[in-house]
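Below, subunit A partners subunit B and then partners subunit C, in two separate complexes.
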Partner chain A sequence: MQLLGKESTEIKMLKNRKLSQSFLGYLFVAPSFVLMMLIIILPTILIVVLSFTDWSFGDPEFAFIGFENYFTLLEDDVFRTSFNNTIYFMFLVLPISIILGLAMAILINNITKGAKIYRAVFFLPVMASTVAMGIVWEFMLHPTIGLSAHFFGLFGFNNIDLLQNSSTALITIAVLTVWQFAGFNMILFLSGLANIPKDLYDAAEIDGAKSFFSKFWLVTWPMLGPITLFVSIYTLVRAFQVFDYIHVLTKGGPNHSTELLSYTLYIEGFEYFRAGYASAIAVVFLLLTLSITLLKTYYFEKKVHYR
Partner chain B sequence: MKKLNIKKLSTHLVLITSAFLFALPFIWMILTSFKPADEIFSKEFSLFPQDWAIIENYTAAFTKVDLVGFLYNGLVVVIVIFIIQMLFSIPAAYAIAKLKFKGSKIFFTMILFSLLIPQFVFAIPVYFELHMVDMLDTYTSLVFPWTISVFSIFLIRQFFMTIPDDLLHAARIDGMNEFTIAWKVMLPTAIPAIIACGIVSVVTHWNDYFWPLIAISNDALYTPPLGVTYFKNEVSGTDYGPLMAASTIIVIPLVIAFLAAQEKFMKGLSSQAGMK
Partner chain C sequence: MSALSIKNCTKSYGDVQILKDINLHVKKGEFLTLLGPSGCGKSTLLKIIAGLDTQTSGEIIIKGKEVTNIEPSNRNISMVFQSYALYPHMSVYENIATPLKTRKLDAIQKMPFIGKYLKKSKQILKSIDKDVKEVADKLNIIHLLDRKPGELSGGQKQRVAIGRAMVRNPHLFLMDEPLSNLDASLRVQMRAEIAALHRELNETFVYVTHDQEEAMTMSDKVAVMMDGVILQFDTPHNIYTNPNHIKVAQFIGSPNINTLSAQSYEEGEVYLCGKNIDFKLQGYELSELSLGIRPESFKVVEEKSSKSISASIKHIENLGSHYLLYVNVGHEQNICIVKVNDINAHKIDDIIHLEVKTKKMLVFDAITGQRIYGDKNVKK
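Here is the complex of A and B:
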């Protein structure tokens, strides 16, 4: 009798526990859920809806115009240039900032003295305001009084303006972006390297992997798989969002050579106030980010050796 | 032994060279902020200032625009954003990591999805939302879009996942309620993650340019990046000395803060490495 009673109170307690757990679960998640809805999820749905309208900011009404905005995009030379530039920019920034970040991480991982100092220096561009550093770069690349002018002058070249030349401007922006991103990738790779067990290298050595490169391909690279996936997705999402350098340094010029989707979206949406049209650009932008991310995840899932 | 030294030496050589190149814009910025105008515009190259104009340049930076006001706005915005983010993220991260309730998986999937959405995508609707409630051009408009940080929820969840369930069961059997568990058991373990989130959040929002650019037009509410472009476009023009001084002033606080928290930041991010 007593035993039974005890059991039932225990079950009751467990039930209560379960109830209170799910109650607390909802309570804890609710504020974040509401904000995520208001700030991210609903706006993302709204942008898709808006992309089918001719709405301008400030207009009291709007009409649904079907795929009109998307057809206009296809014929819009600026948009097409911007789209191609974004893809090109991606291919420049993504591999270089990852390889550079990995190389710096491996070098720093091999030394003990000064490791912290190198790490901090490579991380400086990550923290610094892109706007302030953009202004500094503009001054450094100034065609007559910049640091680059003094450097080019040594070889007899004068008045070279990398940012105002349509064949070099985007590459220059890509270099600044790599400079800014590499340190962050290095930090992530360093944390990945720290988690590789040392005995794996010993085992690889016994198996005949003596040189640095054979150890790298046999141990380091496969073990870094998950972190490399994270680094590349993160770099990709951020590279898509490069805007500050463009707005501060080139305004998309010269000749739209540095026009990236983020900047085109800004101009259409917040300079011309064509909200419907800008929304269509945002949708393209979103699809591009998501599809490349999914593609990369899928590709890596097949190749990465998970622990 | 000798071979080893050569290897180490060449590693250091490569690292020193690249570190110098990475730091060059900072070195150049600081040194230029010390130089008088005629030296900056001189055709002759000099790394270090021949004459010093520190006081002139920095006085100009602080007096020609309300730089102190911009720094104050930046400080208020990053602090408020971080506090709100943590207030909401920590309980949410705890809930999806350790509490069993229907829908937690869906919520987590939504978070992963949100991680991939660039700020440009929701800028137009959020701008519109704020316009509807007549909140553009206020502190609220600077803070509101960042009150949710899916990155923080994700990172803190990763940390909470490492705490064994048995420990929580033991705490529950000891009669601790969920609030006490969250506060006394979970929170202390997540400190490195919270610091990492703090650094990422503060750096991101101190430096953010796109959102303040569209949300703010009143110059009394300018954040540091808006302030420094305003200074460049409207006041100093090509007067690079004061301009570099202003840039130095908005860059340095973060550098110092990071150097102080460097170790903890590394620890906080390293949970990422175990991520599947």
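Here is the complex of A and C:
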């Protein structure tokens, strides 16, 4: 009896210690947990809830209207244009900024003199403020006094305004975005290239890969797999968020041709104060980003990590 | 005809000369080891043979053909790297098949998705499949063919790397420290396997290592390199028993050879620690000498004699089959290592008397380090 009693006190002590240990653990996690809840999780939940209401900013009353906002979205021409523009824009920016970034990285990796200068120059747009750059580009692309006007003038074209033409405006924004993203992708690719062991190129050369391209296919491209995946996801998500150029340069126009989801969301929410409707757009926005991330985690990740 | 000849090969990076006038001739089927400490230029030489680096001057001749301007892939060589350099994104099978695929398939047949369904490429792929399986069978890696290199152990990766080298039957196998990433017991095992492989294939191997044991146990010929120069190119036996330079003697043998300074007098008698050790050196009267005495070339004698030198024991190592005595010798208090089969109740700080087995003693010029063959006993 006594033995049993002694044992049970030991178990009690052990349990107590475990409890206090796990309590300590929760205590350590608490600050970041609270912060994350407050600034990420709760607002997200709130947005989802709001998307089912007809609330307007400042309105003291609101009502739950179910999926009404989402049905409106489906019928809203502006939203549809905006959604299509966003997808088009993403797939315009993604391949070009990746190919350009990779090409610049490979070129810089292969030169001995001036590599640092090129690296810095191509990286500059990444560090610049987008709004400020947007204003600079506005002057550069001005139809009469801009640099582009002089350039087009050489070929006899006058008064060409790339930003006010609905067939060129989005492409122009895409070019500016690529100009900014490519430098960042280049830096990431450079770090990836630096991690490829030189032995692999030697082995490839002995194995019969003579040309630059056969070595690229045999070694460089597969070895850059993880970096390329990261760069792709990152580029897609950031292309998704492009807002500044549009706000500064076109305000979504002409004729909604440069309207992207991020901009529509802003207009609906903060110009028209339709908080419920804007929340529904935000949820669509969220689902798109989420699906990209899920695709990455469950499909591509397995393809590019070889260990 | 030599399988590989290197004539007056030099290599410099700017002002730094890495290789100085290298000359080597390797017969077909020979196992040559380039042995030397790190930074001696042995890996550079191997890369020059492979064509991954170009020599500053000199000729590389493989099977009678000057190959300086020939690409690595056309030299009919293959190479095993220290890091194995397997393609991590490919399965073992694809790794071994790569050197065949890059050679046998043309650009269209190599295309992804479509290429393998072309009629001609189907045939080629079938023959490649046969070759890959044959090699895998020989190396006992058939069961690993579907795995990625990341899922293999060091020894298995090593086999795959050798398989990739073997699969296209090259004339010349180049190996750059292939065993240095393996643990000690596996290294001994792979050493035997590579030697067996060499006997079976009967092709020429050039093997780079800094490990004298590997060099001594595997090779037909050893080239000892130091500071970009081949000091001696000979059989392992001769490298050990008949080194032609004091640096070779010091590099080969474990434990290290003892080097003691000595003088020769008018009649050519050699004095070590002031004792006439009963050894005459004709033609080198009145010289400063360095004597190379292997630990087993000392004899412990019971009684002090006219030619014995006395030494005090500082440390004893028991290696099971034998003992190593670390002793202080002479006025300069040089530490010498003496190998004995039993320690005869010797203790630390005991004084013992050593005689030198002069027949096995190696005499070097103290200034140039060159071997002196002045006595007929040690003549080559």
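Keep this in mind: the second predicted complex is superposed on the first by the 269 of 307 C-alpha atoms of A that agree within 3 Å, B and C clash if a C-alpha of one lies under 4 Å from a C-alpha of the other, contacts with A are read in each partner's own complex, and residues count from 1 in each chain.
Methods note: a residue touches a chain if its C-beta (ideal position, glycine included) is under 8 Å from a C-beta of that chain, and two chains touch if they have at least 3 such contacts.
Remember, it's a predicted structure, so these values are computed and weren't measured experimentally.
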| item | value |
| --- | --- |
| Superposition on subunit A - do subunit B and subunit C clash or fit | fit |
| Partner chain in contact with A:Asp207 - subunit B first, subunit C second, else both or neither | second |
| More subunit A residues in contact [subunit B versus subunit C] | B |
| Which of subunit B and subunit C A:Val121 touches, first, second, both or neither | first |
| Partner chain(s) touched by A:Phe285 [first = subunit B, second = subunit C, both, neither] | first |
| Which superposed partner A:Asp199 touches (first subunit B, second subunit C, both, neither) | second |
| Overlay on shared chain A, then closest C-alpha pair between subunit B and subunit C (Å) | 11 |
| Common interface positions of subunit A, toward subunit B and toward subunit C | 306 |
| Complex contacts: residues of subunit C adjacent to subunit A | 47, 50-52, 71-73, 77-79, 81-83, 85-90, 98-99, 102-103, 148-151, 164 |
| Contact set on subunit A toward subunit B in their complex | 17-18, 20-22, 24-29, 31-33, 35-36, 38-44, 46-47, 50, 57, 104, 107-108, 110-111, 114, 116-133, 135-137, 139-140, 144-145, 147, 150, 179, 182-183, 187-188, 190-192, 194-195, 226-227, 230, 233, 237, 240-241, 243-244, 247-248, 261-262, 265-266, 269-270, 275, 278-279, 282, 285-286, 289-290, 293, 306 |
| Of all residues in subunit B, those that touch subunit A in their complex | 8, 11-12, 14-15, 18-19, 22-26, 28-29, 32, 40-43, 45, 87-89, 91-92, 94-96, 99-104, 107, 110-111, 114-129, 131, 144-145, 147-148, 150, 153, 172, 177-179, 182, 203, 206-207, 209-210, 213-214, 224-225, 228-229, 232, 240, 243-244, 246-247, 250-251, 254-255, 258-259, 262, 265-266, 269-270, 272-276 |
| Contact set on subunit A toward subunit C in their complex | 197, 199-200, 202-203, 205-210, 214, 218-219, 222-223, 225, 306-307 |
